[in-house]
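Okay, got some structures for you below.
After this come two complexes, each holding chain A, first together with chain B and then together with chain C.
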Partner chain A sequence: MTVAEETSPASPRTPSPLLTFWRTFKRNRMALVGLGMLALIVLLAVFAPQVAPYDVTRAVDVTIGDIYQPPSGTHWLGTDDAGKDVLSNFFFGARVSLIVGFFAAFISVVIGGVMGIVAGFYGGRVENILMRFTDIMLVIPDLPLMVVIVALTKPNLINIIFVIGLLGWTTTARIVRSQTLAVKSRKFVLRARAIGAGNGHIILHHILPLVMPLLVVNAILVISLAILNESALSFIGLGDPTALSWGQMLNYAFGRGAMSAGAGWALVVPGLGIVWVVLSLTLLGHGLEQVLNPRLDTHHLMPGRPAVQGEAGAPAVGPEGAPVMLDVQNVSIHYFSDGKSPARAIENVSFRLRAGELMGLVGESGCGKTTLMLALLRLLPAAGQIVNGRVLFGGRDLTALGEAELADVRWKGVSIIFQGAMNALNPVRTVGDQIAEAILCHDPSYRSRRAGRDPRLDRRVAELLDLVGIAKDRKECFPHQYSGGMRQRAMIAMALACNPQVVIADEPTTALDVMIQAQVLELLDNLRRRLGLSIIFVTHDLGVVAEMCDSVLVMYGGVTAEYADVDTIYNSPRHPYTRELLKAFPDLSHPEKRLASIPGYPPRLDSLPPGCRFAPRCPQAFERCRAEQPVLHELNGGHFITCHLIETDRKRRSKDRQTLSF
Partner chain B sequence: MKRTQYLLKRLGWSVFTIAFVLVLNFFLFRVLPGDPARAGVHDPRLKQEAVEAIRVRFGLDKPVINCFESLNPVRFGSCDVNPLETQFFIYVRNLFKGDLGISYHTNRPVAEILAERLWNTILLIGLGQILSIFLGVALGIFAAWKARTAIDYGALLTSLLAWSLPTFWLGIILLFWGSAHGLPIAGKATPGTSSWPLMQQWGDVLRHMLMPTLTYTIVYLGEYTLIMRSSLLDVLAEDYILTAKAKGLNTFQILKDHALKNAMLPLVTVIAINLGFTVAGVLQIEAVFSWPGLGGAIYESVLRRDYPILQGAFLLIAVAVILANLIADLTYSYLDPRVQSE
Partner chain C sequence: MTTPEYFLEVHELKKYFQAGRPGIFSRRTRRVHAIDGVDLCLERGETIALVGESGCGKSTLALTLMGLEKPTAGRIIFEAEEITHADERTRKALRQRIQMVFQDPYESLNPTQTIGEIVAEPLVVHGLAREGGERQGRVVRALEDAGLKPAADYLHRYPHQLSGGQRQRVVIASALVLEPHLLIADEPVSMLDVSIRAEILNLLAELRRTRQISIIFITHDLGTVGYFADRVAVMYLGRIVEVGRTKEVLKNPQHPYTKALLSVIPVPNPRLRRERVILQGETPNPIDLPGGCRFHPRCPVAEERCQQDEPPRVTAAPLHHAACWLVSGKKP
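This part shows the complex of A and B:
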């Protein structure tokens, strides 16, 4: 066994991919119905001689009276233009239609598959020539070309199969090529190549298995197109006169007076056969695609679940005296998905943000930081629900507001600087336009009565861009014309557009290089001082937190690990997670100290440990941690911590005190 | 600039594709068996003079292309043929003169017949496209917006069903149904109406167009719904939609100002690529409703084995589709600011 085979997706450790596939497939009703419909018609076609009431392949004497007989006991679906039983013709016609469909599609898929894999795998000149040719064939209309070729050659079944097959491969080639390109650079393919596997071997054993699922879905589509094309050719009069396909039945009925004879059955029945087969293939293909490429079909406009308000009672830290801007109390958030118990993404998180305060929200990826921030403005995806807690802002509970009132608070009261500003800005609208939109949305005084642009609005946009150091003539540019740092700064300008009181900066510096990071951070700190903003700063970077923040909320696995002012967090952290995090960052006062990373990853939400969520990685975990969830404890002076160690510490201390008093 | 370069590249590519179609068209009708002129030539009952006359009439006495028939690479180019006298050159020259040959059946110039018919096809395609795109896009938007609700599943199943209908069969059913309800069964106008007032004539044409257009709309409605739905679903899951929502825009504003343009962009390309399929549909619809368009012409010439018309119609359709693709490409480059800088 080669190294490459060990790491190929079909490694024996995971359950067989076919089994996993079947499990998902079973749940897809669309695919199941399609498969059932297809199986039925294939069975009827195979056993046509047994199920058909009449043998239509044998010549029998017919009289005028037999033609276009309406449905009756002897002919359930009536008779056709030749006096033959329509039902029997239907069963035998299924054979012809299906044979043409399957064989023509086979030819198309083989040609398209080979072209796609060769083009994708070899690249360069070969790819260029093959794909150019595919592009040409793609724009030439199929059916007229088929008509011309079949009309020029003899219309027999073999010719028709080849013509349809030889013209139907373009989409397959394109899809297979792009899949091959995507697969080609995967690790195990590169590894197979490194240990000297030949091209043929790589294609056959590594690329083909990964291209196959897509090829199957495409083949199903190609079969249905081939069947439709065959029926259209037959209907136009280019079918094989000796093979009575459904299209041919329709051609004869339509051309030989079924319409004027009022013989609707001869026109309806064969067409229903085509619809049945094509629909079954379409359903199967569509369902398979959903199984193989599960796109969740969720989006930001789907109505979310209503928030559940809950218990109040919150801690307080931060600069004393300043008024509280945002008071988050006991917020819990669950994610719901079909057939699974809800994932407890956030549990009982509270914090209090005062005017002018900069709070750092720290934790590894997947600890629920972004979820919590989105929940504050009720921007969670449809599956997420606030199941408990309150978010008090300006005397109102944001979890209880209606959509219209909420829209008013969004951006004007609380705005968000999203992470990775590339996708957060609309690529087809100019930056200035997107900033102006926010202003227009919240300040009716800018809406000028004239249709043209309000010069004040222009000035305001320029002012905002100036604030973040972008030249005002760049406002007509599109996001892709900005550099990464500029986009992030433009996002900041946009977040400030409506003079919000609270700004949530969700990892604004991730994916930026160090110099730009420093610029953006300095800008944020500056703006806070100048505009008196309250900022929640979501980050991995403890160094930045130490430098800028007033208070720090450390989250782990959706719960508050530790929450205190910045000095306490850095000088006397109590939670093992905070300590481990601090160890993982360089300390300039002890440059000789080794950096330590925390082994393992944050827990998956669908498999949370029964006890403390950090217990599996905690160096100080003991038995209780693995069995019982710790609660939030308040130490002196607004220092909050969720850890069993605190209780043991306290007990020890009180014991100490008792011993002392004696 | 980059944009001009892009435009020139697309233009050059279209010219190349058209050239390919011209060559393909030429050889299809010469390499494949079945050409009546050739069949006539091989008919043993014909006299030698008649054979010669046919060969001369259809230009078959001239070499196809240089020494191509001999297929002898050594002799290639060294033989004594004037390139201006080859069948291929004459074919190309005639094309540039707008000469597509003479119809076997009516003895009229093919170009003249097709020109009359072209407008009828454009009328049908135009009306059908507008209706199916408009309705399909609207239904697709609605389905995507209401994703995972009964409305969405209903729209999805309806579209899949519409996609599965053979165009000609739906035409037959609607024709059958329409004729039972007093609608005309064939053609573009009732015979003998040319003396009617203009308004009445148009009304008559509209009555004739009703069922063909309905067929067209239903068949392509499903496809446009599916494309719009999946395209909009992708866009609505994008980060910038979340930004728009966080900015306080309402659902309507988000759909109108942030989602639709982005979701429509792929549709432009799909409409262009689909024109090939669209032509296939129109061919079938015109055959069913005896609509005097290009599709109808193809249908009739297949029955009569009128090859020059078949050849001309194929060429015309192919070139039209290629040009429509070019237009779609150019439109796309105007709509999407990102294309200009790539």
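This part shows the complex of A and C:
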């Protein structure tokens, strides 16, 4: 076994999911504010007997003078129509409103959750019946129905809770069903079936945990809806007369002349209570949603690493004499995130792409290939920033351009073919339309489709499709009607729409079968010869690169490992990483040979080794590699390599020479 | 009728799917011929590679063998037991002996379970090793057999904290924990980086040696089968078009489809750039199958008779068969 010494990317003891949840939750200001607001009101409700200045549950004698007293020292928020203290009413009313809200919501969420999961999981007739029932319930207006039911039954608290709960589950059921459908189609559910798990086990262990976050967020919104419903019922006089809720307070104040008496406080206080709770729940719900569906977790890096000595002035490999199309000089990219030191995703990468050149950019996942390519087009996500270096294209430095000038370069100068054609194409528009859109965006000389068909535009779309080998009558098809290979061809056609000089192909063949992969490679190779394109071909597969590239840049952990012409890379590689990658290839002429593999995994940006980034996996690493970061060396003929071994070799050679001269 | 010496026998297996429902005006149901008459035998401890492009039916075959799809026709005999139409209870028991590794290690692990829970799950489901210590021991052994050493480092982690290669090892470990006799690996390396693939392939080869597991290895890349498959079966449009010992098939391919697949394997050396047979188009839609040889519309060497009649299965060398008119050899 070769993985015995692999480095663990994270500490073996993982914090419990609850703890991790709390850590992210703490950072979300919206959720914290919501939780704080809610906690305050819940505490006041729970400790109402202790904090309320008067016990409003007990009957007291009132004189006419006590009614609708304005706020004063004895009654901070005045008194109500019965001469009771509004502040105390408010605290006790919170109890009723919150109890109704929580219990009704609990009923709704349980019913909706079960309905949604059962409908989504079992599908077929069960789903049809349940969901049509849900639709009917959804169409019936809730409030009038509640009014009717509560009016017909006794308006006590239990009835009200059940009526609100039993009518409020429809949205939950729909949301849970669609989430269940999404989870059900995921591969781990199929795997669970393959293991032999029954439906109950699958629902409990695989569906529910993934539906839960959505259910929790939804539950919080259902609570606020239930509180609003209770208030509405009470306001129109259908509340439990024995239990004073905020709605009830509003009802009494409104019905007993608070407005005409000028006693606004009797209305404003319960109203503000409702707004406060609903606002707190909304904030908490939205905050939770953000916490539970976190965006990309940005990496961080240990501080204080030495700056890299940029030895690479201007590397030059590839077809000599051809003009340089794209000159990338010492580009470094960092990802910034709050409170962490920046992640050094790319450090001092340089290369030169000549006209008509096909360069392979090779590396394992997570080595920064896509980051680098997005940076060339200045399409990095917000956290990413080019902190050093220049990207020269047509005499302009792309890193210094503004948005308007960039728009001019994107697609017309440099275009990109994205990985995963299905995701990069819009599923609801025809392929022809999407290609036309790319043309229209950048070439104002074409008239818009909507303003009447421009025959030139149609001709251009047909021409582009023909270029990539798609029959022009397929242009009215939608992406799902295309096969994987055709979608990738359509993506290529789109990239060529504005006659770019440079095309970046980001893993265009990774998800494709070998035969389709060969077709796409052949197409790209033909296009570059016919149109004189310069292509950067991004891939993790050195075999694919060998078939057609002129030069190869091997990246490892955001650093240039080796950069040379294709023959040098394959036949006299100097970097141990390149050599190991080549050894990992199955040799068809010796099929029985055991495959060599590189132990371990690429470094994570948040735990980069102090020395050479490849040192932990390198079979030739020595003391210095683990302590000191190697610089980029240039060997003869534009062969670049970042490795300490080069110096050792050089020294040995010069020593040999000295010995010889003696 | 059955020869009992085989560990797994598949006879004339067919799986058709309905393509949409019959319309009001048309009675004819259109059918997708996902698997259309597959014969396959496997010996105990043998590894066979099923190779073909997407849409050739190789994944459907895997799911049908697993009992996750019901076959339309044909027979499956596993360890001298007919399992074609096994009921739920038999099927559950069978799952202990036949396990599967899925293609996408990013998707086939539940993100909310820890690695320990994932690997223990099959034991829980089957009510095996109920005692805590024994269960833990089996989980640890499966993880370490799958190359995740020391297992204690991984038990409490979550899938998102592991790399693609490590996740695939977890998937393999959770299949191993039941100590299956047959492992069906559906494209286990195609989502992984080339540098990681070798490790997983080596792992499978080693498991086969140490645990005597038979493996059905499904892939679209003939290049990855060489080192550890005993035999290769090439599938096209629901049928096996060529089958033989791995070395034989790689060195001396008979069917034009196999030849084409072999020629497009990228060779990591620019000095060895060679003529490639790039087939145009893609695997045709398995609803409307072409007549005659189903490969003829894409075949670079198709003749008149290929369009008319279905080719016979020809024995080119011992244990090496191909279904093609142009292959000379012993006809049955």
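Heads up, the rule we're going with is that the second predicted complex is superposed on the first by the 536 of 662 C-alpha atoms of A that agree within 3 Å, B and C clash if a C-alpha of one lies under 4 Å from a C-alpha of the other, contacts with A are read in each partner's own complex, and residues count from 1 in each chain.
Operating definition for what follows: a residue touches a chain if its C-beta (ideal position, glycine included) is under 8 Å from a C-beta of that chain, and two chains touch if they have at least 3 such contacts.
All of these numbers come straight from a predicted model, not from anything done at the bench.
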Touching partner for A:Phe478 - first (chain B), second (chain C), both, neither: first
Contacts of A:Ala197 with chain B and chain C, given as first, second, both or neither: second
Partner chain in contact with A:His205 - chain B first, chain C second, else both or neither: second
Chain B versus chain C as contact partner of A:Leu228, first or second or both or neither: first
Touched partner set for A:Ile158, first chain B, second chain C, both or neither: neither
Touched partner set for A:Gly271, first chain B, second chain C, both or neither: first
Partner chain(s) touched by A:Ile140 [first = chain B, second = chain C, both, neither]: first
Chain A - residues contacting chain B, complex: 135-136, 138-145, 147-149, 151-154, 224, 228-229, 231-232, 235-238, 247, 250, 254, 259, 264, 267-268, 270-271, 274-275, 278-279, 282-283, 286, 295, 297-302, 374, 377, 379, 403-404, 407-412, 415-416, 418, 420, 423-429, 437-438, 441-442, 478, 480-481, 494
Touching residues (chain side chain B, partner chain A) in the complex: 13, 16-17, 20-21, 24, 28-29, 32-35, 144-145, 147-148, 160-161, 163-170, 172-173, 175-176, 179, 185, 233, 236-251, 253-255, 257-259, 261-262, 265, 273, 275-277, 279-280, 283-284, 287-288, 298-299, 302-303, 305, 307, 310-311, 313-314, 317-318, 321-322, 325, 335-338, 341
Touch list for chain A against partner chain C, complex: 1-4, 8-10, 12-14, 17, 186-188, 190-198, 201, 205-206, 209-210, 364-365, 483-486, 513-519, 522, 540-544, 546-549, 566-567, 570-571, 580-582, 584-588, 591-599, 601-602
Contact set on chain C toward chain A in their complex: 53-54, 66, 68, 91-92, 95-96, 99-100, 102-104, 107-114, 121-122, 124-126, 147-149, 152-154, 156-158, 161-166, 171, 174, 178, 193-199, 201-203, 205-206, 220-227, 246-247, 250, 260-262, 264-271, 273, 276, 278-280, 282
